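Submitted below is the structure of interest, expressed as structure tokens.
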């Protein structure tokens, strides 16, 4: 029988962490004794528990330790993290530690150091003098980089239930088309107002004056259905009013939007008359060709070719846009980053200070964004298909709130909550 | 080689009827010659075609004739319809003719007679003196009733494409969550206004003054999601404004609605605060019990126990309500018809003069209603799940327009189109 | 500040009960002190915790007590349960206690008594001499019956995590089309084998010889898609081999099955050739009419009219069948119970000794069955639409395992696991 | 009133082309006279019709002509196609003609020339001496290329209903989870056998000996669900038996497959035991890293690191693989083409001689493939979500047969039809 003692600290009772750890030990096949327990008597008091884990083999014990680590379990005997050099450019040492999107520290020379730019499924690159740790994508690692391996000297901080009582305080996505959405949207709107205020404070009084926990940017990740289902006006208004600061999308959504501006259609569907215009996909292609000729979306807006809509609002409001290509794209638009690794880098570069992520009517981009977002960023995934939020949650973004409704209804209700009169 | 000549008349070209008949003959395994053809040169002119069908066996020829009949094909040699007596109460003769929901005539004593109360999947009960024909459900047939058998002397009138260019003129459901819904909703609203005007004319000047083709009633068939998704206020407003005249539902929707009135929750979800009230299903049960104690919904509204909401509006506006029971019901409410055959009869009794059917967020009731509705009644099926309109269409209600969106967004947009300020 | 002390006992740690209670207190708005805690050091040892709850008002305290009761919380000061007489037939006292589907005891004359026939959303009817308690549907209560009210003297026993490591040990439905289903099906098959063995033991050696915890019956609740998607042969085989003992369905599934036997089609789709037979719905209606003429399904099978298929297997194997009507039914078949309250009674009567419930391709019947099943019965909900298992879980049947696949693939894989060679 | 006369020729009656053209004229807002009509009396005889179209303005007439062109309508007065030079690299002339995926000819110097490499949503690049026409993606056009503009001198050949009576002869996707799938799968298997035989003939006797209409390659486009839902063995078998010749996928599916080979898990789900391995996403990342270290999938298989599974079978059977990157990818694998425009080129290069396309459990890759496939290639889209085949059809691939089932059930049933014993 192999044993190891772990320690759990913090709000481990009301955040369900204590229960999950015990549950996990049993699930994976071990047993436990509670060797010490000191439970905080009120919500504010932290608790501390020591748990002695038993397992039939070292391999099983290792498996259990691996499984409880994301819940914040730390082995009692603390040592520095171990590292190995990357053997080639773009290749990690075999035993590299794979990150979660929870806040993480590593122990270097006896000192706990925050891992910068944390994101799920990356490796941790460390430097020793001064001690420094950064999450790094596999494709970006260089031969000889020191990469954290194994599990020692790594501390993961699970999300604690926030004190607020809004929709983001539930911490686990619950997806159902039968839950009322009005108050979820009200909570989103409230947070958008707070972030806008915080941003204005940061701009006028400097970044230090702002609440860094809250963030100063709202990210919208949006699919083409926003335009054809009729959510274009509401979204343009949200951008014009300063509620959106970063936009991720593919090639289709901006094309649909500019097709609406140039031709009054979206994928050939007339937006100002219900019947199908007989142009089918043609306007889509002509729009892309027109913008390619002009060189960029910015140029198209500034030259007056594109007069209104989502892209026009984005250009005017200086929204930070990342257009990522995919193999189904026509054209694509000149602004599209066709290389997926470069597009990921561009998305990552836009994420700092994002305090709310809205992922609307897009599966691919929602999952891609979920992959890059730290768990602490409140996230909402809106889709008419309940499988999309479920998929996002299955991919690890458990913290995203799922909302099952059509994108245009969502954007309109959201804008109305913020006093849109459309 | 067996042959039979059929005749097609009317707007058979632009309504695609001619093409479908030829297609059907080939699909089932026959061949054809066009023996005569006279195509109307403009949209207004009717066409006439004689088609000689060949098949390898009498059985196959019969199969082909059966298949082309719903498209309006009539065999050249016309005879009276054949009939047999029903052998028992509730049992039809083996070879009974099963109706479609298209307008139908039968030939009795050399005379074409309209089949009254046409509806899909029923039998035709005839009387000879005077000649009369009525569609009759299997369970309602009496021993000795004369029932139409075989296929002779029966003329089905396929839908012709209406002249209007609104959403109802497409005649075949196309379901996709990616089509814009704004104009579909505008077309529905327009028709609701027209029906309300027509109804007012009928009420003030007598039924004959009204347009009987247009109808004087709007039917709403609604599921419980209307309440929990937040569409209650919009629907109450539509009823109060006189836009809804018949309501079909089950036990759950009215209970949710009255739970909201009594407790401010719907299935335990607080409607005025986003979090889950800890009452779960209790309020639902207490609501049913309360109404059972009072004897009826009408009594609950008139006694002031239920002050507002969908049911209160229905009682005040004298909306004709049919509540049909199902095996998943709690209680049920005292107004619920628990016997499904009696509930179908009650639904049928409420259908005459319905000029628009809105089926919102309910699969069971939508299909049940589709089964009873003549094809000529414009119908809309709204659901967040695209499988529901598809299923309705698979069940024969091909004319229903499908709309993929959440019910509360639909009702709010519809009410706003009709000048709701909510 | 109002306070009350509650006690939790049992495997409250690894079954997450302790965590959920603390969580619930905070969610509803109270605070707590842990006044005593004694945690079992191993999985086998029970734990005991006393929690002092504080709330700002009596109303809030009551709300908290109500919310923690389903987790097994008992107030320290124990008294008998309170009762009131039912004011009318079919009407409960206003303050009646609404049951959950968890095992429950009430305290009568100082003695804890099991509530018989427990099921969610019912009332508890008690008799005092001798002390006896039974769950009772609202519609079945008689004026003057003693009905439990309030929350005192009621003890709910939450599910504890079973020791087995099969799919049923997870205790909370997780629905995703992306999880592997092979091993879930293997676990189901294993349990079906165990129940069949247990049943044979009960039949040969008497009920006492059997494992009453395991049960002696498998319930299949099935929708019409079983037949048209092609699962008929596999299901018939399962019945013939003695793996299914109770069958719940509506009017459509048995009709489709017997249509296949009589005409080789299901809703007009040829089952032995992929194209659409031109009969549409006709065969469906002729099948119903034929069975109505014969008087019952049993008669149709025994007279040789129906030779093979699901219903034939059921009749031959003496499967206990409940056919419940609904408003979308044609006919219906003579065996269908058209009154929904009577149909519920018939379903309840068939449930004792059910040790596994398989709900396949049906929303309505799955929810109706979930409403009547005690939480301890392992349940599986199979549907191609992930919204169906989610809905079942939303309706309270949290213990049901969800499986997203088409019904025919499920039944074939299940039968193959049990050595079907089809 | 503006008028133009068009001519329709061929099997325009039973392929519904005649009906659709008349319908389209009316829908867009014109009227017509049938100036000449000569209908073939049997299925084999072609028909010819001249239709005089009237419209209120030149713009409307142009719109109508544009709308009827894809149905094969040719204006009576025939002229050469018009062309303009591309103004920049990657930019087309404003009025470029956008292709459909139907067979197309252009008229150059009085001669009708086939457009090579036809595919939807491209432009047509022509050369005059000798006359030659090729479909060209926007991004690949060079400054000065002659590009077809307008609509003159272009002839589109609509699909005619094939003589065969298999599932591919319906020509329009019908998606429903309620249709039987057994015979659709049998038809697919039959075609796979025919293509394999044809391929063997081409290999042994030379390309000219084979049936070029039938094709010599089967394309599988597959998503990651194939592996986690349990379809890996069946697909590997299909490849080993020579039924699959081209494979399109992303980064995830091959990684899942090789993760199964290296670790026995897929995204951390144990494939040989139902419970969740506690490794989560780690194995996924370690697999990618391992293959990156080895340099390629081919190298991983040939060095014996990857011993079995889909990728191993592909390498051994020399299947032509295109792995296209996307922004949600981890790693990615070294074989992944991360640039989307280059990935499209690679897909195009693999398409000649494909005679059947199976798109299984992938939305993105299915649509991308649909974009590149000529309409004449029989296609099947399998997904558990009915929205995926609908979306494919909405994007223009109307000819794809939709099948709503989980991917593993599909692959197993397909393999069993081809005598797999797994």
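For clarity, chains are labelled A, B, C and D in written order, and residue numbers in each chain start from 1.
Throughout what follows, a contact is a pair of C-beta atoms (placed from the backbone, for glycine too) under 8 Å apart; a residue touches a chain by one contact, two chains touch by 3 or more.
As the structure is a prediction and not an experimental result, all values here were calculated from the model.
Q: Using only Cα atoms to place each chain's centre, name the chain farthest from subunit B.
A: A
Q: Between B-C and A-C, which chain pair is linked by the larger number of C-beta contacts?
A: It is B-C, judged by the count of C-beta pairs in contact.
Q: What's the distance between the Cα centroids of subunit B and subunit C, rounded to whole Å?
A: Roughly 34 Å, centre to centre.
Q: I'd like the Å distance between the centres of subunit C and subunit D, where a centre is the mean of that chain's Cα atoms.
A: Taking the mean C-alpha position of each chain, the two centres sit 46 Å apart.
Q: Whole-Å distance, subunit A centre to subunit C centre, using C-alpha means?
A: Spacing between the chain centres: roughly 38 Å.
Q: Mind pulling the residue numbers of subunit A that touch at least two other chains?
A: 177-178, 275, 385, 387 - these are the residues of subunit A that touch more than one other chain.
Q: Once you draw an edge for every pair of touching chains, what topology comes out, line, ring, star, complete or other?
A: complete
Q: Give the list of subunit C residues in touch with subunit B in this complex.
A: 24, 27-28, 63-64, 66-67, 87-88, 90-92, 94, 96, 98, 120-121, 138-139, 275, 278-282, 284-286, 288-290, 292-293, 324-332, 338-344, 347, 363-365, 367-368, 371, 385, 387, 396
Q: Under the touch definition given earlier, write down the residues of subunit D that touch subunit C in their complex.
A: 165-167, 177-184, 186-187, 225, 228-230, 266, 269, 271, 273-275, 384-385, 404-406, 408-409, 413
Q: Help me check something: in the complex, which residues belonging to subunit B touch subunit D?
A: For this pair, the touching residues of subunit B are 13-14, 16, 18-20, 22-23, 26, 31-34, 37, 39, 41-43, 161, 175-178, 386-387, 390-391, 394.
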